[in-house]
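What follows is chain A paired twice: with chain B in the first complex and chain C in the second.
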Partner chain A sequence: MSQLDILLLVLRVAFGAFVPLCFIAVLVWMERRGAAFFQDRSGPNRANICGFRAGGLVQNLADAVKLITKEDIIPDHIKHKFYFVLAPVIVFCIALVSFAAVPFADALIINGKEYLMQAIPTDLGILWFLALAGFAVYGIILAGWSSHNKYGVLGGLRAAAQVISYEIPMGLAIISALVVYGTVNLTEIAQYQGQLLFGFIPMWGVVLQPLGAIIFIVAAFAEANRTPFDLAEGESELVAGFHVEYSSMKFGMFFMGEYVAMFTSSAIIVTLYFGGYQIPWFSTETLVNNARAITVLLMLLTPAFAWVFALWMAKNNKSHYDRPNDPRVREAQIYTKILWGVVAALEIVLFIYLITVSGGVADRILVTLLQIVTFLVKTTLMCFVYVWVRWTLPRFRYDQLQKLGWQTLLPLSLLNIFVTSAIVVALS
Partner chain B sequence: MFADGLFIGFAVLAVLGAVGLVLFRHPMNGAMSFVVTLISLAGLYALLSAKLIFALQLIVYAGAIMSLIVFIIMFLNIQPGDLPQEETKLFYVLGGGIVVLPIGLFLAKIVKSLPEHSTEILGNNFGGVKEVGLLLFRDWLIPFEIVSILLLVSLVGAVILAGKRGTTK
Partner chain C sequence: MSGKVKIMERKGKDLYERLYLVEVFKGMAVTFGHFISNFLDNSKLYVRHYPEQKPEITARWRGRHRLTKHEDGTMKCVACFMCQTNCPAKCIMIEAGERVDGRTEKMPVRFDIDLLECIYCGYCVEACPMDAIRMDTGIFAVTGSDRQSFVMGLDALLATPGAFTEEEYKKGGA
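Right, the complex of A and B next:
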């Protein structure tokens, strides 16, 4: 292995491991701000470090300190302590590892060698996700069972039954998608979606497989145990379901695992149905060939966006009553300075790129970075859909949930497979 | 060699898991140690570069079937008092060991007498999804379909058996 190989290996694995972890903070923040937005209140706006609240992100830090310093209790009545401790670890690790097969950019070609932009450069693709999705059930079952608590067992039973039954429509929806793409490799699936339908519509999975996309998204919500399918932790009936006996960081693991799972399934949804890292209408080759023009466009657009963002900050980040020397206005001013500093740094980097190294390998790296940003933006939007649904739809009743899975989604996904296969066979 | 170390690790884990399945008294311990066996088998398949079988082993056996079994164990909520008294367990384990020992020795002898071959991974993405699929649907289509019909029959049978019990009540 050359040094470049090792460097790229480390970078890819680091991306696959740290980006989901960073997104925990972003998603918890998004959940809170989203909840506040939908319920017409302010959300976290008090926790601060020297007056800097970072729009509520500091609240996460306070939560982390609270969770870590809390007493870690293993109740006396628990006989299988090993499984009790193992369960949150399984939930968290499985969610993290299942991101490993998701491509976050098109295959990077350096000196004629192709590097797949996945943490684990395997062509198993969606099979890897399915394999690990099955394991997530163990965490829930073991947590509920080893808690030795009626609420815990009931929550675990509900969650496990739900995850097992929704895996079927999910798998069938994936099958019909695979019939269209003709491959299980997620990088190839994303490359397929870079084509144009009739010359002007991006060939995204959601266009080719609208029904499959809806079924998959609904099943993914159920797999992640999120509202409206979070009966496993229905507070009013089960207190907190399978993690009722957990405290401190063991609860924290469940909590973080939920958000990592949400990020991972958003990433899978984006890759399967929303074009993955593809920027609509701009294939990788087009981007590489027009790298200079795109750089100039970026250099023009970034200050414009920064300007709008700074205006928006100045308008919103101020106290709602008269305060002498409003600290929030001062806060916003400092953020604005930081923002312009970042923009200036970016402009300098892009300018240096433009006059010195543009053309060749640097173009490809630039395109890869652009695609990573696109992928993360799409995934964040999909995560917002999760938050949106959570605070919009009420919880199902349990029999309604099972009916939806078995009597609606299952026949629909079977129908979808037949229709899709017929069309694919007729067109080929 | 790294691959040799992995092989030994997976093989030892697979055997230990199987031993645990037989020896553990609590069904949950047995089921979880069997999961260890299934996962290590998947690892062995991956070492043989059988990628598709690796994924299927994880999805079908370790993921679906075992989680169903663990689910049922949780559903039954077995207490230590519900388990049968096994006073003669040691006797059975020893007896079983004595019966199996000659077969094991025989197998070890066979493996030792194998001619030494340097093994290497076949090229052409052997064991990949596409390659196995092509093989199944080109050369082995009829056996493949017959097996799937067998599965369908057992599925229908299970549904009918489950339905019958409901109507007689």
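Right, the complex of A and C next:
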């Protein structure tokens, strides 16, 4: 292995490990502020460091400090302490590892060698996700069972029944997607979606497989134990469900695991049905060939976006009551300065790239970075849909959940397989 | 005995609603409308920025108690025990003594209200024949770091002023 190989390996694994972790903070923040805005509240906006609130992100820090410093209780009635401690670890680690097979950019070609942009450069692709997603529920069941608590056991049982019911439509939806793509490798699936249908529609999975996409998204919501399918922690019936007995950071692990799972399943949804890292109408080759033009475009667009963002900050980051010498206005002014500093730095980097190293490998690295940003933006939007649905739909009743899974999604996904296969066979 | 039975029309049975997705998207459109208008201009949020912006307390609000005084500064309370007897939470403890200011024969030497026991029902105010105890201080948040600090003594109760003028208080129905 050359030094480049090792460097890229480290970078990719670091990306696969740290990006989901960073997204926990972003998603918790998005959930709380998003929930507040959906309900015409303001959400956590007070916690600050020296007056800097970062739009409420500092609240996450305070929450983390609280969770870490709380007393970590293992109740006396718990006989299997090992499993009790193991359960949150399983939930968290499985959610984290299942992101490993998701490509976050097109294969990077340096000196004629191809590097797959996945944390684990494997061909297993979607099978890796399916295997691990099914395993994550073991953590929940184990937590419920080892809690030795009726609410915990009921929560775990519900989670198990739910995941079994929804794994089937999910798997069948994936099968029909695989019939279209002809591969299980997620990088190849994303590459396939870079083509154009009839020359002008991006060939995203959601265009080719609208029914499959809906079934998969519904099943993914159920798999991630999110509303409207979060029966496992239905607080009106089960207090908190499977994590009743957990406190401190062991609860924190469940909490973070939920958000990592949300991020991972968003990433999978984006990769399977929303073109993955593909920028619509710009395939990787087009981007590489027109790298200079795209750089100029970026240099023009970045200040425009920054300007809009600065205006938005100035409008919204102020106190809505009489306050002499409003510190929030000052805060917004400092943010605006930082924003313009970042934009200037970006412009300089792009300018240096344009006059010195453009062409060859640098172009490919630039395109890879662009695709990573695209992928993260798409995944964040999908996570927003999760939050959006959570604060719109009420929870399903248990029988309604099973009825939807077995009587609606299962026949629909079978029908989808037949129709898809017929069309694929007819066209080939 | 035949009660009238009104048969309600069950919603959600026609195909359009059983498709569920259309209605889901309609609901999501509604919530997204709220989100985007708040996101673009957060002065539209229905929030009170609490510690800085206090809620408006009306004269009828039952806040923390106080004991009232005559114009010459002597207390109105005659230690008749009406409030203590009437209190459903048994949070008032009165100890009567001889009156020294010459108005009547009795006055309290100890008048404790345990605010942790109090349910703020206002029966003491209604029971008082002398209009000596009122809940018009406008204090709605009582905080303390130990239990003892929640027991209001005679001096503290007499020292707290009312938050409203006499007319406003009377208009409130007292």
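Definition applied: the second predicted complex is superposed on the first by the 428 of 428 C-alpha atoms of A that agree within 3 Å, B and C clash if a C-alpha of one lies under 4 Å from a C-alpha of the other, contacts with A are read in each partner's own complex, and residues count from 1 in each chain.
Note that in this section contacts are C-beta pairs under 8 Å (C-beta built on N, C-alpha and C of every residue); 3 or more make two chains touch, one makes a residue touch a chain.
Values in this document were obtained by computation on a predicted structure and should not be read as measured data.
Undergrad: Would you check which partner chain A:Pro44 touches, where first means chain B only, second means chain C only, and both and neither mean what they say?
TA: neither
Undergrad: Quick one: is A:Leu130 in contact with chain B, with chain C, with both, or with neither? Answer first, second, both or neither.
TA: first
Undergrad: Please work out whether A:Lys315 is in contact with chain B alone, chain C alone, both, or neither, and reply first, second, both or neither.
TA: After superposition on chain A, A:Lys315 lies in contact with chain C alone.
Undergrad: Can A:Ile214 be said to touch chain B (first), chain C (second), both, or neither?
TA: So A:Ile214 only meets chain C here.
Undergrad: Compare chain B and chain C by how many residues of chain A each one touches, and report the one with more.
TA: B
Undergrad: In the superposed arrangement, which partner chain does A:Pro169 touch: chain B (first), chain C (second), both, or neither?
TA: Neither partner.
Undergrad: What residues of chain B sit close enough to touch chain A in their complex?
TA: Contact set of chain B toward chain A: 28, 32, 35, 51-52, 54-56, 58-59, 62-64, 67-68, 70-71, 73-75, 77, 125, 128-130.
Undergrad: Quick one: which bits of chain A touch chain C in the complex? Just the residue numbers, please.
TA: Going through chain A, the ones touching chain C are 34, 36-42, 214, 312, 315-316, 319-321, 323, 388-389, 391-393.
Undergrad: Which of the residues in chain A end up touching chain B in this complex?
TA: Contacts found on chain A: 80, 83, 122-124, 127-128, 130-135, 137-138, 141-142, 144-145, 153, 156-157, 160-161, 164, 167, 183-184.
Undergrad: Considering only the defined contacts, which chain C positions touch chain A in the complex?
TA: Against chain A, chain C makes touches at 21, 24, 27-28, 30-32, 34-35, 38-47, 49, 52-53.
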